[in-house]
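Here's the structure we're looking at; comments come further down.
For reference, chains read A, B and C in written order, and residue numbers begin at 1 within each chain.
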Amino acid sequence: ESCGHIRLSAPAVRLGDPVVASCTISTHCSKLDREPQILWRLDDGPNQPGDRQQHLPDGTQESIITLPHVNHTKTFLFCLVPWTNSFQILDQAELQAGYPPASPSNLSCLMYLTTNSLVCQWEPGPETHLPTNFTLKSVRSRADCQYQKDSSILDCVPEDGQKSCSIPRKHLLLYQNMVIWVQAENVLGISKSPKLCLDPMDVVKLEPPTLRALDISPDLVPQQPGCLWLSWKPWEPSDFMDQKCELRYQPQLRGTNWTLVSHLPSREDQFKLCGLLQALVYTLQIRCIRSPLPGLWSSWSPGLQLRP
Amino acid sequence: PVPLPQSFLLKSLEQVRRIQGRNSVLLEQLCAAYRLCHPQELVLLGHSLGIPQAPLNCCSRQALQLTKCLSQLHSGLFLYQGLLQALAGISSEVGPTLDMLLLDVANFATTIWQQMESLGVVPTVQPTQSTMPTFTSAFQRRAGGVLATAHLQSFLERAHCALDRLA
Amino acid sequence: ESCGHIRLSAPAVRLGDPVVASCTISTHCSKLDREPQILWRLDDGPNQPGDRQQHLPDGTQESIITLPHVNHTKTFLFCLVPWTNSFQILDQAELQAGYPPASPSNLSCLMYLTTNSLVCQWEPGPETHLPTNFTLKSVRSRADCQYQKDSSILDCVPEDGQKSCSIPRKHLLLYQNMVIWVQAENVLGISKSPKLCLDPMDVVKLEPPTLRALDISPDLVPQQPGCLWLSWKPWEPSDFMDQKCELRYQPQLRGTNWTLVSHLPSREDQFKLCGLLQALVYTLQIRCIRSPLPGLWSSWSPGLQLRP
């Protein structure tokens, strides 16, 4: 049984809040004088007496100190007594200070067809100065995004410090809705992000098709001035998905706008684009989206430079 | 009969295409790894191993019965899920593809089941897996894999036709 | 119970060696004609009859085929029978061919103070064409490198295809001898490398000290023409080890040799090197070795270019 023991009103408080500490010295502490003066020290600070020291009914000595504003995120509190010509530390307590976690925000998810995993990311909110654990929680739900209280909730724990988490394929029920949220927790509290309800297949991260120029030999098809022959095929992993695409083109001239051709199929072996000015070099790009089922636009394909 | 919702049909068609794609990859891998490239050379073995094929007659153009068609779709997927599970541990080359295929088939079966629930035509008794063939050699497991995958491919083609007609 | 069953004289043979295969068709194979002709196929080759087909006392049909020289490292052997207008595969066997592993050679080990692990590497020997497992085996031994037969042998399995293995600190008894060897094994045999007996601390991979020029201000020490002031300190992780070092220097002139200064301490705050020609730029390098205890020379430090 150690000689001294520190008790804190709370192991962690909000930055700036007060904390009360008590240090009691048990009677059987033989090596000490009968009623030693109990002293306190914060980290490397000076030894200072408590606010008051009293004799408890059971014979133990107790010193109480109040720290009005804890303004360090981590403080070591020492309880000491004078001994011969030095001081002896009897106990040490670690006091943490910070903020309860704010609700994580901007939760968004993408389904990657290459890794077959759903990756969600979020904004953690302001610094809490305390060890704070983020957990991505998900649960299968009915079409109306309701789920039984007892349905099993999957925890996805991000890698250290990451603000995203990847749910592997074996935990995903594709083509069904699931409810997803982030929980943040530290010693001062717990908070939850707003809930998302989605079918992973509706948030597929789609890559654009590969756009190519076709060099149609003149004897096959009469050359038409101001026309280009193009072909494209969908990004291979998304081949099974019905998609619609749009093509945009713009001459390499300062100040010209893009011209858009919409409602194109995701696979085109021979596409003739006319109405172009022969002298100019055009930049062409294409992008697609899952359709008619819900989906997200892919990015634009890398620019293809062609002269009609 | 009650028409099926468009989103269900579109999702089902997409899932069929997704599974067909992965299924043909598995067939290619089994062919490349073990030179078992012609399922028709394994018919006799299939009989002796008892590799079942799932019926889809109620989804045919001539004899379409919507509720029974959905039920046959679900039972067929459930059967092939069992068959594919019996192939687990077949080899490291095809393992990952087999795992993904299993998940896709299971998810598609859930899509069908959910729709049957919405239509209130769920069979009273939950489907139970019929007895699966037992493989006593690596060859039987590989050959069983080729046959099961080939049967699943033809099942999916018929399912795609039926769903296409309904969409 | 399946209809046909292949047996091989051996699942694996040396490349070029013969193999004998038999395929027996059981009587209860109802779907087949009474005495079907048993055929064989190698990989995608043609279907061919066996050397001979016979009726066994128990009623089964058996076909035997001899492959005089197996010259593929992996061959699939099929046993087929004609059926309606096609052929049916009754069984398949995988035949491997290659060589038993030669004894791994040039086994050498280095102790890395940064990772605290002993890394050993070896030459695997000629290609065996068969899946061959290499295992680094080690056992604690007495000073005379003898060890009891029942002492526990540690297996270190290299990462796929690697010809080295790292024994972590917790498996090392430093300052004691251990016996180390490599075992190679495949379906055709097992081989062992010659044994090493070493104390990990005697094979430390030492890094050279950091060599620096001292600019001693003239008023402190009278400038002496043709002299350089140097300082060096040992590579930090090896600081606890007694080392001796040697310095070499050479003017940047074609055809000049290194001059060597031996028996230097591993730490020198002020070292005066004289006898240099003022007009020339010299390249200086230092290296050290654990001493007097056994050790390995570090590499030479990067060249320091200085003009006296």
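Keep this in mind: contacts are C-beta pairs under 8 Å (C-beta built on N, C-alpha and C of every residue); 3 or more make two chains touch, one makes a residue touch a chain.
Here the structure is a predicted model, which is why all the values come from computation and not from measurement.
Asker: Linking chains that touch, what shape results: line, ring, star, complete or other?
Answerer: Contact map by chain: line.
Asker: Could you tell me which chain's Cα centre is nearest to the average position of every protein Cα atom shown?
Answerer: That would be A.
Asker: Centroid from C-alpha atoms only, then distance subunit A to subunit B, rounded to Å. What do you get?
Answerer: Distance between chain centres: 38 Å.
Asker: Could you state the distance in Å from the CA-based centre of subunit A to that of subunit C?
Answerer: 42
Asker: How many angstrom lie between the centres of subunit B and subunit C, each centre taken as the mean Cα position?
Answerer: Spacing between the chain centres: roughly 46 Å.
Asker: Which residues of subunit C touch subunit B in the complex?
Answerer: Going through subunit C, the ones touching subunit B are 1-3, 29, 31-32, 43-44, 76, 78, 80-81, 83, 86-94.
Asker: What residues of subunit A sit close enough to touch subunit B in their complex?
Answerer: Touch list, subunit A to subunit B: 116, 143, 169-170, 172-176, 201, 239-242, 292-293.
Asker: Sort out for me which residues of subunit B touch subunit C in the complex.
Answerer: It is residues 34-36, 40-45, 47-49, 136-140, 142-143 of subunit B that touch subunit C.
Asker: What does subunit B use to touch subunit A in their complex?
Answerer: Per the touch definition, subunit B meets subunit A at residues 6-7, 10-11, 13-15, 17-18, 20-21, 99-100, 103-104, 107-108, 110-111, 114.
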